[in-house]
Each structure stands twice: as structure tokens, then as C-alpha cells.
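Order of writing sets the labels: A, B and C. Residues in every chain begin at 1.
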Amino acid sequence: MQHANLMVYLLEGIIVFFILYKIFSARAGRRLFIRRIPGLTAIDEAVGRATEMGRPMMFSPGLGGITVVTLQALSILGHIISIAARYRARIIVPTSDPMLYTIAEETVRDAYESQGIGEIFNRDDIRFVSSDQFAYASGVVGILNREKVAGAFYFGDFFAESLILAENGQQVGAIQVAGTPQVMQIPFFIAACDYTIIGDEYYAASAYLSREPTLLGSLVGQDYSKAVILFLIIIGIVSASFLAVSTAPFLETIMLRFTGAFSG
Amino acid sequence: MFGFVYNLSFIAIVPKQGTSLWIFIIGSLIIGVLFLFLLTRVPNRYRKTLIIGVTFLAGWFYFLEFMIPGNREAAPIRTQLKAAEQDLRKVDQDLSAVIIGANNRSVRITAAQRHIDFALEDLRKAQSLIESLKKPTEERYQAELKKSDSFAEKHKLDDKLSGRGEDGKIQNLQTKTLAKTIDGLSSAAGRTDNAIRLLQDVRANIAGASDKQIPELRGAVLSAITQTSFAQIEISDNFLTPYKVPISDILQVIGAFTVGIGLYSLGSIHGKSIAKRRPGWYNSFAFFAALVLMTLFAFFKEYLPANTDGRIISESIYKILFSGGLAALQATMFSLVAFYIVSAAYRAFRIKSSEAALMMMAAFFVMIGVVTFGMWLTNGLSGSLTSLRLENIQSWIMEVPNTAAQRGMMFGIGVGGLAMALRLWLSLERGSFFDKQL
Amino acid sequence: MRFLMNLQSIDRRIVYILLVIAVWIPLRWNVIGIDPKVSKEVKSAYDTIENVEDGKIAIISVLWGAGTLAENRPQTEAIARHLFQKGVPFAILPWDLQGTTLAEQAVERIAEEMGKKEGVDWISLGYRPAYIDQIIMSMAVDFQGTFSTDRNGIPLSKIPMTKNIKSVKDIGVVMETTPSNTIPAWIQFLGQKYDVPILYGPTAVMVPEGYNYLDTGQIKGMLPGMMGAAQYEVLLEHRGFGRRAADALSAAHLLIILLIIVGNIGFFMARTRRADM
């Protein structure tokens, strides 16, 4: 089994430090800025339109089980519902994992109750469909078509079914917003959805939607960490290229320490 | 206390049949349900604390397992292997410099030779250390086996303990851990052996190697590096590693309970749909029919006595349901992707901005360069123009910008996931599941 | 003018029908017939099989089902044909219930055509529920004990081709045909550990990831999607489904490009018109 080495202690230490430091300073009242993410602004638009048309919305948390990715999806779901609850709009959540189903139900109920309209929560809107990939896809396609949804949201782990879902949503005329950390599926969502959240914007989504200090702070901390990683990559590239042609033993030792620290 | 735990580790591996099996199953179920029931009885004001506590503890386990270095006995071996690896990296540096044509070729080669010698020395030391550690571990394994054997005998446990491996050895946590350690040591020894062989070969040929042979030799050095670093990983289990699998199993057990809840959800939605004759209620009927038929015939084909009419008939009905129904439906769903790709591409690729134009150009080259027609179109280009052939442009796009962009995203996603995990672990996430007092 | 503007909103049913025609005509009449160029990853897969030592067997792992048949079956067939030509006996190891029958039928057909016998030149190990990691680990140490019988229930020790196959030492090459991300298991438990050459037959969507493993030498060759199979058929000098379907793929890609151009013409027309008004 692989365990941490010195470089991992250091690097993870730095990343964790940045994230926690920024979280706590944001909680202490420091104001932080994050840029506009068009896909997430569109969520308001989608909810508003669904209300006008008197049609429901659908939120799919993808095929993942209880993972960080899916929990993030549920966190986004919570925020979408709090927007929807203001208009008393209905939202259907088909899930593919029985364990996730129970948590999703709890999330939705809480979100309605926190807006003070717990009575409009309908248990049947949170559904377990199937844990089989294409059975789940056909179940969701059925919901999209039967309920004539006006807004569809796809956040979570998606695989080959991504285009099947998004293209059907497009056909029923829903406004669609998608986000997934599965890089291979992003092109399909871009082609078929109105707005797609790319890469790590996925993890920025809940911060953006809620503007909560903890999440904003975490986001800024993440950016600092990425800067550290970028810096390491640049050092690596420069020294590797430089040392291939020079024989200065001093530099060589530093360079080998550097690459060796990351291995094994 | 320890004896009790030791006893428990045997209860699970003694095979049960007939009444005792049923008692075991029902007993486990009752305990499970009771436990879940007790959880629901936790007063509201303690719930949040309980969730935070359990999350935090579970997180600590995985955190410590990853952060604590491997067992101390094998540490000297790892040091030797690490030293060898460092030396080999120097060799790799030197050879790469030779390959790209640095001007001090002979100095580089001599340096490489020296470092290979160092590495060989370290590897040989590591090898003898592995051998010397393997012996006492094997003795401990035998002793542990004897202990559990006599335990089994004393308590008249069934001779056919289901926890016996194919060699008849008892497999409880202790013996399994030791067996795994021995396995890791043997494997590390094998890898060290491989690395030594590769390096001896390189050492013999490096002096007179031509420029063309150097990349080959570097390849051998690189695989020796891989072997060495894998050998280090294989002997670095710490004291928490053996518990990783049993602890992950807990999640599976909880998951098993929720399958029932999922089925209840499906049944209630479709049941209501039929009862109220909602539009499309016959689809719900199809759901129940499929569920019942599939379950029944899957059971029959497995448990009816072999070679009876019932068994044969259920096997063929199951086959019809599976290949004729499920398989065909799945294939259909997947084939839809082909149609959707065309309609989505047609709709999405509009030159609305310069970025969209760029994306369309890339898509054009990839789509046409990957198929025979594209290859045929630019067949005439040769010499210095070869790199402008459509298939070569396509592979450049796939291998360079595509990979670069993907890796860039992966870094962001990785850090984002880490931050999310950290917030969950420390219960800083005030997302909806911790938002209000549960 | 109106006609040109309408080009940006062609009904999707028309698009679907065009696609069916574009795929069906080349498959049915084989009108174009251009052969693909052989890429280096396909060539090195070919060379790996050419260099399998005498007395060793090959394993074709089948993870696909009806869904990705069009991409994975030609790969399986091409490799099986090459192994038959070379006289390397091979075992099919299917992990997918539908794939079991589909792959067995495909190989039976080729075997009949080339006069090869089950049990001597090939066997099928029968459907294995997918505990891939465990089965790979265990077959590396004890081949016969892991599988015990072939698909017909005959013990492996009584089958001519497998009676001397004991462990990983007797396996010359492994070909993984798959629509999902299962290649790491083979690399981790067989390729890296015992230096068995691994070949990879992914679907086109999975191909970009495959280049990482090729780059590090963890897999020895790759047949990227159906085009990979077509290239392999060129090397085998055989005209199978891959080469025939390569034209269909060309036609489908050309149709997409054409539709995109047409759509953009309509889009521009509509925009100029709006600007004029």
C-alpha cells in the first residue's frame, strides 16, 4: 500500500493550510471576490421560466454513489431548491443509488422546510430509478418527456448516458445547465446544454450560489493551492530542460532531490 | 478482552448450515435493524454532534492510514531501495542528455556507469535485507497458524472452516496480514532481482553503445526505476492497512439496507400510478411485470432441481427475458448516442464567436483526420509536408492540446475535491445536509 | 433566401434519416473502399503477437456487450484471426453475459473458416462474473485452479491446449477488448508484476486515455476503436467488418461536417438579414 512521503506531507500541508486559512478569514468577515460564472446565473433564469410555464424541473445527480462528487451535487441541489421554493416551483430528482436516494430526499425536504414551505414537499418527486446505467438513462428520458420539464440540471458523475439525457432535454425545450468532473463527458454537455460548467467550476458552484463565507474562502484557498502547483510544474520543466544540457553537479543534486521527493 | 475479539474473528469464518445458518442470518438482521432503530431514537439535539463525530473519526482512520509510513522492520530495505532509485534517476538524467546530443558525451557515460554501480550495490544490499526479514516473518506466520489451529481444535470448530485458504491454512485477520507481508516481501525480492538483471545488462553494454542504442538502454533503466519504486510500495503496509478492507465493508452493509428503501420508492410511485390510472399507467404495470418475472425465473433457474422440466423451462424463459429483453433494450439505448451526436453537433457548432470558430476548426481536423477519407485526401503530401497530413494534424491535436487541457482541468478538479473532502471531514460544509439542526 | 435560412433548423428526423443512409450505403454496397493507414500503436500490437514465444497461449479478455459490438467485435475478430494465422492457441475470457455468446460466435465462425479446432487452437473459459482483480491475481499463480473448466465443463487439465498451462509463465500476451476503464487492472496485476505484454482494444471514446499507458510502455499496443480494427485488418490482408465499416465511418463524419457547414450557412443568412432590417 502506498503511503505519504515527505513531499506529500509538505504539499498537502500547504494546500490544507491555504484552504483552512482562507475559510477562517472569510468567516471572520473578510470580503472575497469571485468572478461571474454564466452557467450558474442561468439557474435563476431556468427556475423563473419553469414557474411561468407552470411546468416542473428536473435535477439528475448522475450515476455516482456516495462520493465527494455526488455530495457536491446534492449541495448544489439544495441551493437550486431554495430558489425554486421561493416560487413554489416543483423539482423532480431521479437517483441511481438507493443510498443516495435517502440522502437526496432528506436534502430536498430540508431545503423546502428551511424556506418555511415544508408542506409542498412531495415524496414522490424524489425517485429511485435504477442502478443500471441505461435503465437509469431511459427512466430519466421518460420523466423529461412525460413531465415536459422546463428546466433540467445535470450535476454529478456522468458517463456514456450524458448525451442521451441532454439531447432529450433539449428536444422537450428545457433550459439545461450541466456540470461534471468527468472530463470526457464535458464535450457532450457543451453540445447539447445551454450552459455547461467546466472542470473545477463544478466545485465553485455551491460557493457561487450561496455566497457563504466558508465556501467562498475555500474557493480562494483552492486558487492559492493551484498557484503553488503551477509554480512546482514550472520549476520542474525549467530545471529538467536546463539540466539535460548542463553538468553543474550542484544544480543536478537539487534537481534530483526535487524529482525524487515526488516519487515512491 | 483480547480473547473475546479473537473469538469473534472466528465466529464469522465457521460455516453454518441448517438451523444455525438461519439463526445467524436472522440474528444479524435483528442486530442491524435494532442498531438502525436506536439511531433514529437519538434525541434531535445530539444528532448533529453524532454525525460530526462519526464523520470525523472515520476520516481520521483513512488520514492516518495514508500518513503513517510503512512498518518499521522494513524501513532499512526501503532506504536502500530509495538510494538505488536516486542513483538510477541520475543515470536517466545522463542518458537523456546523451540522447538530445549534449556535448560532453563521454563524461556523461562515465557518470552513468558509476551511478549504475552504486545502484547495483544498494540493490544487492536490499536483497539480502529482504531475505533476512522474510525468515522471521515466516516463522511468525507458522506460529500464528499453530495458535489458531489449536484454538479451533480446543473449541471444536468445524474442520471445514470456511476461512481456510486453498492450502488449508486458517485465514483470520492475523494470519492474513502475515501472509500478505510475506507475499509483499517475496514480490519485492522478485522486483529487486529484475532490476539487478536489467542493470547488469545495461552496465555490460553501455561503454560501447552507439547513439542508436542509448534510448534502448535508457528504457531499461526506466523500467529498473519502476521496479525499484514498486518494490518500495509493496513492503510499506502500516499497522492500519489490514483494517482498510473490513472498514470499507461497513459501507456495503449499510448500502444493503438501503436497497429495500429504493425498491419501496419504485413500488410506491408505480403502485400509485396504477391505482390512480394516471396517463401511461400501463408502463408502471410493465415495471411490476418485469420485476416479478425477472426475479422469479432467476431464482427458479438457479434453485430448481437440475434436469427437470421446470428448471429447463425457467432457464429458457430467463434467457428470453435477458437476451431478448434487457440486452436488446440496453443496446438500443446506447445506439441512440450515435444519432444524438449528429443532431447535437449540427445544432451546436455555429460560428457565433472567435472561440466557437476555433473549436469548430479543431473538431473538423479531428473528425476528418481519423477516418479513411481524410487520410486519402492528403495522401500526396510527403517529405517536409508529411506533418500537414490530416491524420498527423489530428493526432497532434489529440496528443498535445487535448492532453494539456485535460491535465489542467484534472489539477483543478483534484484540488476542488480535496477542499470538499476537507470541509466534509471537519464539518465546515454548511450545505443542506448540515444546515439545520437535524 | 428563406430556403437558405431554413438550413439552420433542419428537422432532427431528417438528420437521423440522413445518418442512417450515410451509414447503410457503404456497409451494404462497399462503394468507396479506401484503406486506412496503419498507425504505430496498431503496428506494435501486431508485432507483439508476431513475437509470442512457442508453447505460450494468448488470452482475449471480452468485456463488451451488445452496446459496443460495432467497435469491440472487429477488434476481437482481428486479433483472433491473427492468432489463428500465427498458430498461437488462445483462450477467450468473457466478463459480460451478452459478450460471452457474441464473442464465442464470432470466434467459432473464424475457426470454421480457417479450419481450427476448439480445444486445440482455442477455448472459451465461459462467463465469469466480474471480480476482475481477484481473477487476474489468482490466474497468474494458478491458471488451472482459477478456471478449472472451459465453457463445456471439460477440465482444463484434459484439454490439449491447456493441459500444460500452469501459471503466468505460460501466457504470452493478453488482449483486453473493453468499453470501460478496466485496463489498469491488467496493467497492475499482470503487466507490471510479471512483464506479460498487454494489448488494449478500447472504444473510440476511451482512446485518449489509452495514449497515457502507451506512452509509459505499460501497454504494448492499442487498437483505437473500430478504426484500429480496420488498420489491423490491413496488416492481416483480410477484408473484414472493420475495413468495410471504415467507409461508413468516413461517410458519417462527412455528413456531420456537411451538416455543420449547411447549418452555418443558414445561421449567417439569418444574421445578415437581421442586420439589413
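Heads up, the rule we're going with is that a residue touches a chain if its C-beta (ideal position, glycine included) is under 8 Å from a C-beta of that chain, and two chains touch if they have at least 3 such contacts.
A quick note: this is a predicted structure, and the numbers were derived from the prediction, not measured.
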item: Category of the chain touch graph - line, ring, star, complete, other; value: complete
item: Centroid-based (C-alpha) most distant chain relative to chain A; value: C
item: Separation of mean Cα positions, chain B and chain A [Å, integer]; value: 22
item: Separation of chain A from chain C, taking each centre as the mean of its C-alpha atoms, in whole Å; value: 33
item: For chain A, residues that touch 2 or more chains besides their own; value: 134, 160
item: For chain B, residues contacting two or more additional chains; value: 330, 333-334, 341, 343, 345, 347, 349, 406
item: Contacts with two or more other chains, residues of chain C listed in rising order; value: 12, 67, 208
item: Touching residues on chain B, where the partner in the complex is chain C; value: 166, 187, 194, 219, 222-223, 226, 230, 322-323, 327-328, 330-331, 333-335, 338-339, 341-343, 345-347, 349-352, 360, 363-364, 367-368, 370-376, 391, 395, 398-399, 402-403, 406
item: Interfacial residue positions of chain C with respect to chain A in the complex; value: 12, 67, 179, 205-206, 208-209
item: Parts of chain A lying in touch with chain B, wherever the complex brings them together; value: 1-4, 9, 12, 15-16, 19-20, 23, 65-66, 68-69, 71-72, 74-75, 77-79, 81, 98-99, 101-103, 106-107, 110-111, 113-114, 124, 126-129, 131-132, 134-135, 137-138, 142, 146, 160-161, 163-164, 166-167, 170, 181, 183, 188, 190-192, 198-200, 202-204, 206, 212, 214-215, 218-219, 221-222, 225-226, 229, 243-245, 247, 252, 255-256, 259-260, 263-264
item: In the complex with chain C, residue positions of chain A that touch it; value: 134, 160, 171, 184
item: Residue numbers on chain C that touch chain B, as the complex places them; value: 8, 10, 12, 15-16, 19, 32, 34-37, 39, 65-69, 97-98, 101, 145, 192-193, 195, 207-208, 211, 217, 227, 230, 246-247, 249-257, 259-260, 263-264, 267-268
